[in-house]
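The next part holds the structures, each set out as structure tokens.
In the two complexes below, chain A is the common chain; its partner is chain B in one and chain C in the other.
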Partner chain A sequence: MGYPHPSHPKETPVLSKYFGDAEARTFDGWVKRGGYEGLRKALAMGPEAVIEEIKASGLRGRGGAGFPTGMKWSFMPKGDGKPHYLVCNADESEPGTFKDREIMRWTPHGLIEGCAVGAMAIGAERCYIYIRGEFTEPWRIMSKAVEEAYANGALGANVFGSGRRIDITLHRGAGAYICGEETAMMNSIEGRRGNPRIKPPFPAQAGLFAMPTTINNVETLAATPHILVHGAAWYKGLCLSNPKSTGTKLVSVCGHVLRPGNYEITMGTPMRELLYDMCGGMRPGRTLKAVIPGGSSVPIMTAEEAESALMDYEGLVEKGSMLGSAGMIVMDDTTDMVYQIWRLAKFYAHESCAQCTQCREGTAWTTRVMERILAGKGKEADFQLLLDLADNMTGKTICVLSDSCAAPVVSGIQKFRGEFEAYMSGARQPSLAGV
Partner chain B sequence: MAEELVNVTIDGAVVSVPKGTTIIEAAKQAGVLVPHYCYHPSLPSPAVCRMCLVEVEKAPKLMPACVTTVAEGQVVHVNSATAKKARQGVLEFLLINHPLDCPICDQSGECELQDYVFQEGRAGTRYAEYAKRYNPVEDFGPDVLYVANRCILCTRCVRFMDDVAQTPVLNVSERGDRAYIGISPEQTLDHPWSGNVVDLCPVGSLISKDFLHKARAWDLDKAPSVCPGCTQGCNISIETRDDVVVRLRPRPNMDVNRHFMCDYGRLDYRWLNRGDRIEAPLVREQGRHAAVDWDVALDRLGAMLRDTAGAAVILASGRASVESLGLVRRLVDRFDVTAAVKVPIGDEAPLAGIPDLALRPERVPNLHGAELLGYTRNWEAAVRKAMAASIVIILDADLSAEDAAALATAAGQVVVLGTVADEWLRSAALVLPITNMAEENGTYVNRDLRAQRYQQAKSQPGMARPAWWVAGEVLAGPGPDGDAPSTAAEAFALIADRVPAFGGLAHGELGFGGRTLRAAEVAR
Partner chain C sequence: MSLKTEQVSAHAGHDDAPHEPVFSGERLARLERMYAEYPTKQALLLPALWMIQEARGWISEAAIGEVAAVLGLTPAYVKGVVTFYTMYHTHPVGRHFIQVCTTSPCGLCGAEDTMRALLQHTGCGELGATSPDGRFTVIEVECLGACGFATPVLIDDDFIESVTPETVPALLEGYR
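After this line comes the complex of A and B, so read on.
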């Protein structure tokens, strides 16, 4: 199976095994493929054992930060008598990332099952799945699947006769990137403006509706039933490099490769194999110039760095970038890096929630400087200005949106300075009318 | 139970503060001001302006001082190179779209952006190539204009309306650098306490229509005072320009009004500037008033009191001070006395987020002080009594037309200690010019029996003197006698000696925050 093209032999299809298989979308179809076994097993094991199993598997958050999932679950207070909440982050808005969308489109019951496992583990009776506003098809499919799950006893007051209540509420976002930030997401669910909150208090202490809350990414939760069915040891064994990065990872590859799409690889797979074997390499006559490996918020890698990198949390940090959400943007030698960096900055300037000064003004200013450079009006001093703005925007705000805007600018200037200079000297024709 | 104390070092100064104190408050104890915009001690902290980022040793990055609580042994650097660089960055970001219209901005001179930029901002701009963001001025409500261009989005106004007034009218609209403070459609900023957003605004973005272009901040003289608007007794500052009161602003008092005052009190100050004042003592002779000097007038009053007996009635304003009410009352000690204060009644308007803070229905500041001094609020009965009394003293009371008409036919002598030259004064035997509350020192007692001092904010017109001075002089008798009080403190001491409720208190002990009277403690 696979979508939009069959799985490559080098892939390890766990989550993507039924992508493209319409029957897997139904409750019966999912059960026929071994679905809901993980949830049944979890209900039999009880919360403590489930958390231990997930801890042992080495599963880490797939949304970007890579925090160990079992550990996160164990932070939830026990026996505090308060309602707990699980929030599933399905607001996949990181530019370059489109893996959660496919999970919801093809295996909605896999996500529902994962949410139920997570909710049970943290003692929550309600899980909110916050689905990105633009995801109309996944929303439709998820709505239908949740209905089916209730009808078949997989959700509700007595899940599979276990006596446990697990409810799932689907919540649609309205298209704000920042609502993918976990605390902004909680504000959004509560009906407030989607502004990130200050931590502390951390969500596990006071999150959604000021109650203990855990937020997990779609892919993270969807992986948990598989771990329970096949065992932590199996999952831990899915590792080609650093033992701290285990399991499979869906990588969304877009840009200048022959076969863009989602690829499920074992952690530690060389990026070279992913790019040149699975994705079919560059278009004829083109060479690789740069890769943004983890969604637009991570530093840009040069071709050299990318081709020698291993695809896991540590492997990419070693090369000066991050795995992030594994939304890979591949750029070949025809790419105008200055233009691409401007486009990213413009995105962040548009999406800044406007709370923190550095982000509100810094993202917009950075965009304008980039615009000026593209219009052929840049000058040498702009390097210093951009780097200084980036410094003022890094590590100083409530969330990391402004850091995310600064990262590609800094790595872009470091690695592709020549292209900036070409605009400044007039060697390259202006590509924007100007400011 | 003793509070647990935490020792922290802030810019080299070691302070012990209660556990849970924020760095910004601990720094105040250490004598260090951490520059800030969004933080305000009477509002929840969102930590959004990022101006108060400070270096905390062993922390991985700069920490917002407004929400970070102190820890034992913590070493904080407010003025380190790193922290200063961060602040300079914030100031630069705030300025790129801020119009430099300080010369026509009401906030100029008391603007926190101006102050901090002057203190440590960059000398020049690096944002020269671009046009500044422009948004039109918006009319938010009866007294508030929003100048969006000057806004630094600290959100103090939004939080005041959300969390303190609990009437969420304002919001942050749009995102990124397009963001501005929005107002809910079809709503206006007409909450009875909404004027506070003007004070809270650290820049000139929210401005008062009443004060618009009236004065520059540096031309104002300020006197600590107490709001004369109701029995709440909010601490205020009376601000004058060239001896004219131009605005009232709240003065922080955590026990009474925190940092706030209501719009009713704030905007009801024009009477302090009235021009139709009595400027000289007037003695009625052969059907008409003649101006005399104080010696003559005081002798006349002394004689009247000496030569009369029977019933005396005092009709007083609830705006008269403890000193004045007390000493005027003592003038008629040997009479059968009926004393009343006039108490106009209005609607109560609480400030939801602050306990025990409201615009009170009783719209005078010293009703409770008057009651402790033997005055009642039974005005009508007192007016009826006055008709037959041998002497009636009107202490700056604002008489209704009916009351004035009735008193014109009163049997006894009518003495007026007044501020404004009302028509009905024509029938009074003696008219003595006294100061209004902005022109004198004095004390009010609020509804919680808290005695609070106010200070003179402007000069008195003509020969006007405080009513306590008039009464004190008469009580001391004619001649250069040293017994007459020459300050409000001395007048207060005369009352505190004799009236148990004041328990021997002295002006000096009241300070500028006031003190709860023993009477209140006994009542509890």
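After this line comes the complex of A and C, so read on.
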């Protein structure tokens, strides 16, 4: 449901069905709503069958990359005698994205159940849930739920009498966007600076504490019990467009819409329906100018591109952007695109871990050039400078933070060049003081 | 296995008061219980730093020395970690620590006005400064992950949604 708003008839509430329902937070309340059936079923099926079922469902990673979950799980070695780890990525910090927060706030047992299913499937006895430090309320709710799950035999040495051990540890982040990157997250859990690691080795070979590790997003894990209860065919059937994008997706919508919130859509839903029906459209008297559909790291779409796009992995690639984490930032005709692109660049400059030169220097340099333009001192040559910088920041670093900074700059120049030129010519008044 | 505490010499820092150890009694016991959940001592570093901040409000040079000794790390290594993460304070802050999000999605919805209202009504005047009465410190932070509820503000451990310049004065009343 479009929390904090009532469910819209065009939504498909699966993960969000109990958002706003405080009783669903408790163990008994969750069980009363059909909770922990998925985990019981998983324990009866065994790891191989669970992985096959998740593969057949078509579930793909909901954190941004969209990698098939069942396949990721199948990469974990079998019978290697080493401890395996599951890491649940609850570091949600991609600007525009606020869905995992609601999953943890309202359905903590749904996430615990999903983590237990995932841990069982990959042969892990311990799962770390890495929750960003700023999420104080989700932390309190999750802590209580984990305690309750232990008390009721859903976690511990003998989960529901199956003879399997599954432990969950909550690990608190301390303020670093980069720790949402999976290898940086592993370093952070190990008590290190959150610098991303060079791959290979991939986490399934040598991840957390150098052991085979799988990292999944909150929403991905929370979906797995539902798939086991209702079957892969049901999940696969939740698809309105491309068969490679199945299931439901929580879309966080923010910015200039009448009803910002989290909407759960069937994959392939037209973005127009999401924007104008579910979210109630733009503020009175305003028109749509641009959308960043997948969290701030993906290319900006114009109103025309957005209004004709289908909300799934392929549909957004077709329109030159990406589904990412589905954190949708909506901008109306009052928006100063140059200012917004500068603010995004500033975000990435602040969050760069400074390990790679292209990123450390590139994000800061990009920010300074954007500041110069906003101060009315930009020159025509700055376009080429920004594009050169973006080129040097794309595909050349250990992780994709630097690429993410370049994406809105490049798409912004392509699609809103006139707004940059207005600052350069003096047609628009400077919006930042001298640089 | 247990964590050994050693005699820790206070490192010279900008705090001159003698360092009262953080990891003794119940806090040390808590850290030792946590050790069962991680295969290395080093992995206890982030939780241990949180415990210091909860106990003392910030992480001093002496506390860095203490946690390094408890976990078998060097103070230089610990300082490298402390300074990587923005939520650990390396100097004292006001009684109430206010973090306001001004990243793009909130910025589109007036977060900068909310930030200015917070600076004005707390008396802090500028970002990062503590108000003359020692009551508040305000900082600007990047994305708090509640973009649909602009502007989210974190005061100590209270996460408050949909703060506007108009609601700021009443909100601050709750934090003396």
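Definition applied: the second predicted complex is superposed on the first by the 433 of 435 C-alpha atoms of A that agree within 3 Å, B and C clash if a C-alpha of one lies under 4 Å from a C-alpha of the other, contacts with A are read in each partner's own complex, and residues count from 1 in each chain.
As a working rule, contacts are C-beta pairs under 8 Å (C-beta built on N, C-alpha and C of every residue); 3 or more make two chains touch, one makes a residue touch a chain.
This structure is a prediction, so every number in the text was calculated from the model and none was measured.
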item: Which superposed partner A:Glu351 touches (first chain B, second chain C, both, neither); value: both
item: Chain B versus chain C as contact partner of A:Asp277, first or second or both or neither; value: neither
item: Partner chain(s) touched by A:Glu125 [first = chain B, second = chain C, both, neither]; value: neither
item: Partner chain in contact with A:Ser93 - chain B first, chain C second, else both or neither; value: second
item: Touch count on chain A, higher of chain B and chain C; value: C
item: First (chain B), second (chain C), both or neither touched by A:Arg368; value: first
item: Partner chain(s) touched by A:Arg193 [first = chain B, second = chain C, both, neither]; value: both
item: First, second, both or neither for A:Lys396, with chain B first and chain C second; value: first
item: Chain B versus chain C as contact partner of A:Glu137, first or second or both or neither; value: second
item: Which superposed partner A:Glu52 touches (first chain B, second chain C, both, neither); value: neither
item: Intersection of the chain A residues that touch chain B with those that touch chain C; value: 176, 193, 350-351, 353
item: Interface residues, chain B side, partner chain A - complex; value: 46-51, 53, 61-62, 64, 67, 85-86, 89-90, 92-94, 96-97, 126-127, 129-130, 152-153, 171-172, 174-179
item: Residues on chain C engaged by chain A in the complex (per definition of touch); value: 37-40, 42-47, 49-50, 71, 73, 80-81, 84-88, 99, 102-105, 107-109, 141-150, 154, 157-159
item: Interfacial residue positions of chain A with respect to chain C in the complex; value: 4, 83, 92-98, 100-101, 126, 132-137, 167, 169, 171-177, 188-194, 209, 252-256, 260-262, 296, 327, 329, 331, 335, 340, 343-344, 347, 350-351, 353
item: Chain A - residues contacting chain B, complex; value: 176, 178, 193, 198, 349-358, 360-365, 368, 372, 377, 385, 391-392, 395-398, 435
